[in-house]
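Please find one structure pasted underneath; my questions will follow.
The chains carry the letters A, B, C and D, assigned in the order they are written, with residues numbered from 1 in each.
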Amino acid sequence: MATTTKMTLAKALNAGLRRAMEDDPKVLLMGEDIGRLGGVFRITDGLQKDFGEDRVIDTPLAESGILGTAVGLALAGYRPVVEIQFDGFVYPAYDQIVSQVAKMHYRSGGRAAMPVVVRIPFGGGIGAVEHHSESPEAQFAHTPGLKVVACSNPVDAYWMIQQAIASPDPVIFLEPKRLYHSAKADIDPEATPPPLWSSQVVRRGSDLTLLCYGPMVSTCLRAAEAAAGEGRSIEVVDLRTLSPLDLGPVTDSVRRTGRAVVAHEAHVNLGMGAEVAARITQECFYSLEAPVLRVGGFDTPYPPARMEEHFLPDLDRVLEAVDRVMEY
Amino acid sequence: MATTTKMTLAKALNAGLRRAMEDDPKVLLMGEDIGRLGGVFRITDGLQKDFGEDRVIDTPLAESGILGTAVGLALAGYRPVVEIQFDGFVYPAYDQIVSQVAKMHYRSGGRAAMPVVVRIPFGGGIGAVEHHSESPEAQFAHTPGLKVVACSNPVDAYWMIQQAIASPDPVIFLEPKRLYHSAKADIDPEATPPPLWSSQVVRRGSDLTLLCYGPMVSTCLRAAEAAAGEGRSIEVVDLRTLSPLDLGPVTDSVRRTGRAVVAHEAHVNLGMGAEVAARITQECFYSLEAPVLRVGGFDTPYPPARMEEHFLPDLDRVLEAVDRVMEY
Amino acid sequence: MSQHLETGPETLGGDPTDYVQLLTPEGVRVEHPDYSLDPSPELLRCFYRDMTLTRRIDVEATALQRHGELGIWAQLLGQEAAQIGAARALAPQDFVFPTYREHGVAWVRGVDPLKLLGLFRGSDQGSWDPAEHNFGLYTIVIGAQTLHATGYAMGMQRDGVVGTGDPQRDTAVVAHFGDGASSQGDVNEAFVFAASYQAPVVFFCQNNQWAISEPIERQSRIPLYHRAEGFGFPGVRVDGNDVLATYAVMKQALQRAREGGGPTLIEAYTYRMGAHTTTDDPTRYRLDDDVQRWKLKDPIARVEVLLRRNGYADDEFFARVQQEADGLGAHLREGCRALPDPSPLAGFDRVYAEQTEELAAQRDEYAGYLASFEGAN
Amino acid sequence: MSQHLETGPETLGGDPTDYVQLLTPEGVRVEHPDYSLDPSPELLRCFYRDMTLTRRIDVEATALQRHGELGIWAQLLGQEAAQIGAARALAPQDFVFPTYREHGVAWVRGVDPLKLLGLFRGSDQGSWDPAEHNFGLYTIVIGAQTLHATGYAMGMQRDGVVGTGDPQRDTAVVAHFGDGASSQGDVNEAFVFAASYQAPVVFFCQNNQWAISEPIERQSRIPLYHRAEGFGFPGVRVDGNDVLATYAVMKQALQRAREGGGPTLIEAYTYRMGAHTTTDDPTRYRLDDDVQRWKLKDPIARVEVLLRRNGYADDEFFARVQQEADGLGAHLREGCRALPDPSPLAGFDRVYAEQTEELAAQRDEYAGYLASFEGAN
């Protein structure tokens, strides 16, 4: 497919997975209901039909088992791409991820490769019951040996999933589930994507730097748009890679704007915002006109669906934080 | 026992557990090898003999099973105190801790109490093989519904374990394993301890505030002592409670000193230091003469024992960070 | 002699008739050597009524979801006998740990079904009081509750309410789970703990043949009830569409647990007639033929035949139950729409039993933020 | 018919003689209907030598730990037959996933025992190349490796090296674990996956009766090998102190796996004669009587009796092995002290296959910091 196609984020992931599987016969997909059903979000739709049950593997209902066998498959030379059905169900696999997947390369003295991708539909906003709206990124970013990325739009989704699969290191790949089936974008399979390990300025501005990733990028872009209406020029950076962070574009930006806000759905306490704020402060201390403020999920469990609009930072809450920073 | 006794941290925990069990027949201990053996660190030494197998429960070798049954016991009105044998073995129980223990009170609309204490010997410096020297505190502190504390000396150990057991909320109780059998301290069972949810200034100073907890407190006190020799006055705060943080004494201190360093064994990236730095910066922005710097374990897996002296922040690395902050 | 089992019956999942059955799909009573039951007409009518009302709850909730009143609904269609049989076997003091699909058990335990809707609507995460109904909150993380049940059962041992011989005191605990759940580490650890401590817990597995889109064969190549034997406690398979058999088998297992005999695994062999949940589309992964075949085994129809054939219930009875069902439907439709949305601030106050200053401050800050909008209006 | 098993043999852990045995503790060959073996004198001598040298590794390492050269050592004393029997049954292409105690298997797979010491000394976390020896790194998190083995076996299926009929290609995978590990969710999930995919994996459990201080009864009230049956694959118990029986049973299970017959669980019934590790004090939790009783079942002594009684080995052979052992001891003592400490900077470079800028910067910073001290001296 050499021509540009309009795709949702879900379809873009599907296309990216397909291309990765075509490119490398060692790429396998594993997960619950990813075969005939195509996954509960249909991200793997049609792939088992085309690549067979040996490459698109419906697994027993056991997340530790999925990750543990993925480790074995990786040691046998395969590149397992694991789907965790919902964010809240990654925790049974947490031990295999942080103690095995993350450490294997290190403990083997650099011999073993662990090219495992763990796809996690993450975040809230879909009106789901509990355990279906978590944002577990900080817990993985804190773990050396893992790399953690989040896509925010169809084009990135298409490229980033392929880049993650090509990576020789384990990648926690976060997919903003509430954007799966929203706005389409043009995907040109011949284009040259930016590196996976890069953050991207997605809107230029001069008064304040707004940092975000995953589902919050669209919210932040809308916030910036709204702020522009009030004469405020906000630069928006899509972090994309959460570990390692690519802070170059961020500190460049903050040195110009002097102000920053970090937004995510995850709980603020020890969320990504803490690290980003600490690092920006360290690197741009003399440029900062105000402390880096954080907007995020409250430090409560994710609430029942009919309260989630309060829990999730929205345009207003982002702008309120922007106001507070501007007032310094 | 109404008289003051000299105890190691290990013995103090044992005495604290004993007293909690005497005070409340609903307190149960659970874990691997905690019965006849008294635990691999002997923290529960003699308790099964005195309280019986029904209250000091040797469990099958399955951490998720331990935490999951502890949840059930708590729902049945018991107060389980779980011993995780080593920090690295808490991860198989991670799901039960973050999805069940942490959320039960909230999801039950405040009806269910979850007075579970998870004792974790944490940190390195004992020359152990892998998975025996981890510092998992940030992963728990990021989880709403849990409370996280770390003791640093025998007196605190004695009181804090009792306070944690008395708490109606789940507490992750971190024990600095490398200090278990080191310096003794006088414990007066009639004394009135400070509240569990409080940080404590453990050394006064005026040039810089050094924040630490658990095993790093003694290192930081020594660093402060050494710095004093060079005419530098360092205030040391033992955070004690990591979630919630008790930042009052910290911000008071930083407002006076204008400078702060946070030290922990955990990886720096997204470690407790990130949160503490972000919050101090937010609260004391105009008082800060320099960014809050962090000293911690590198962002690599915990290394083989013969490299751990490099990995662990020691007096010199703490002082080097102090120097950097002072030079701003 | 060492045992070198060449396990695995003819077909994966085993011979489906290899189970305890007391009432055939045609409504004929059959005997079983290990499970005799002489149900009173009253009990039979009770079963019928429970199952019919439970099905009505399911139908109403499904419709409410279609109308946008619920975010999602997990249907129990086809599993009424398994749930009602299991629940009616309980003693009042027994405690139940459900999954997210035990609407029939909730019904028997006296939970207002409206409270089930609250959870699926997103108003709360379960608003009944577990202690009032001896019925725990729904658990969504697959398998987690089997350990809670085992721990609770260990608590009963410590409370001294196991094996006392006093039927009013002796207590059993039930862990519900599905066929898919049997693959989870937690469920197998629950088996280990329960066996090790001989905890008074009954593991009640509704094998409805599907874990979302995955057939039971993905989880196990042999009948699930065999799993228990490898852990050292008995397993039994029952016709889960037969309320009598389920009741009888459950009664015996509960009694065994209460007496201190330790755990039992019951596999209730049934079929998920509906979708996994209202968001699922089973046409993508299963044949309608199967569903049609299972329709002939409907759990309610066979009890109706039995009641009518024996003259245990007349038309008036059936009409009354129908009327009751209609009343229940109305209750649910009206009640659901009237369920209050959660207060945005209340959540902050129930994260901890002992509120923290940090979180109280976060609450106040948000209260102020909300107030700023009100001011603006 | 539904099965309502009243499981549980007479004693917990079962009748200890309920296992496959081909060589009695007294050194007498016995027959077993399912496992015939006609070992060549050469193979018997090989077993003797392997076990003796393996024990010597253990003795030397224990002594090195006492002298402060190792941080800790996990002793295998008493488990030599289980490990050597299991390892000698392997085909070269088979792959092994060990725990932290498989020193005998490592030996057979050609791993220089010095490399084992490196791990326990804290010089590294396993410095052999798994691909070179088809022997994975030691795994300390209990049970985790059983899933790795299962996944690796699934890889072999995808590589097309299962059931081809070519003995040079067909590959089996071995997962080692202990009796305590059988309680872990991961191990039971490995059983589920292996059974579901019929993966070519042999689960080899050394039931040495102890998980640190906890006796096997805490983990299971019935013999462990029964566990497999509940998951739908065969389990067999073998006298783990009998190298011949272990070899024979393992050979058959590996063959079955290679042929595509799926997994087998082998429970090698043995005894941990030493402490759990050198930091453990078993006098706190077990009676010396037991240890004395198991001394009579020593795995090496019985092979020596067999060799001598049949004239398969003469004094010279035994002396030569002894000499070899002494040489090995010297190699370990000298080699251990000479093991290089890890470089403080090397670690930064092997966290990722593709280094990150962040971590490279952290490395450089630390290099600068270290250099500042050198400057200071």
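Going forward, a residue touches a chain if its C-beta (ideal position, glycine included) is under 8 Å from a C-beta of that chain, and two chains touch if they have at least 3 such contacts.
Remember, predicted model here, so these are calculated numbers, not experimental data.
Of all the chains, the one whose CA centre sits at the greatest distance from that of chain A is D.
Comparing chain pairs B-D and A-D, the larger number of C-beta contacts belongs to A-D.
Centre-to-centre separation of chain A and chain B, using mean CA positions: 31 Å. Work out the mean CA point of chain B and of chain D, and you get 36 Å between them. Averaged Cα coordinates give chain B a centre that lies 40 Å from the centre of chain C.
For chain B, the set of residues that touch two or more other chains comprises 59-60, 62, 64-65, 88, 91-92, 95, 99, 106-107, 130-131, 144-145, 269, 298-301.
Within chain C, the positions touching two or more other chains are listed as 124-125, 141, 183-186, 189, 192, 196, 218-219, 347, 351, 358-359. Those residues of chain D whose C-beta lies close enough to touch chain C in the complex are 1-8, 18-20, 32, 34, 182-186, 188-189, 192, 195-196, 217-222, 225-238. Chain contact summary for the complex, chain A toward chain D: residues 28, 54, 59-60, 62, 64-65, 67-78, 80, 92, 95-96, 99-100, 105-113, 144-145, 147, 167-169, 197, 244-246. Chain contact summary for the complex, chain D toward chain B: residues 71-72, 100, 119-125, 140-142, 180-181, 183-186, 211-214, 218-219, 279-280, 284-285, 341-342, 344, 347-348, 351, 358-359, 362, 366, 369, 373. Across the complex, chain A meets chain C through its residues 32-33, 35-38, 40, 58-62, 64-65, 88-89, 91-92, 127-132, 269, 298-301, 303-308, 310-311, 316-317, 320.
Listed in rising order, the residues of chain D touching chain A in the complex are 97, 124-127, 129-131, 136-137, 141, 144, 146-159, 185-186, 189-190, 192-193, 196, 347, 349-354, 356-359.
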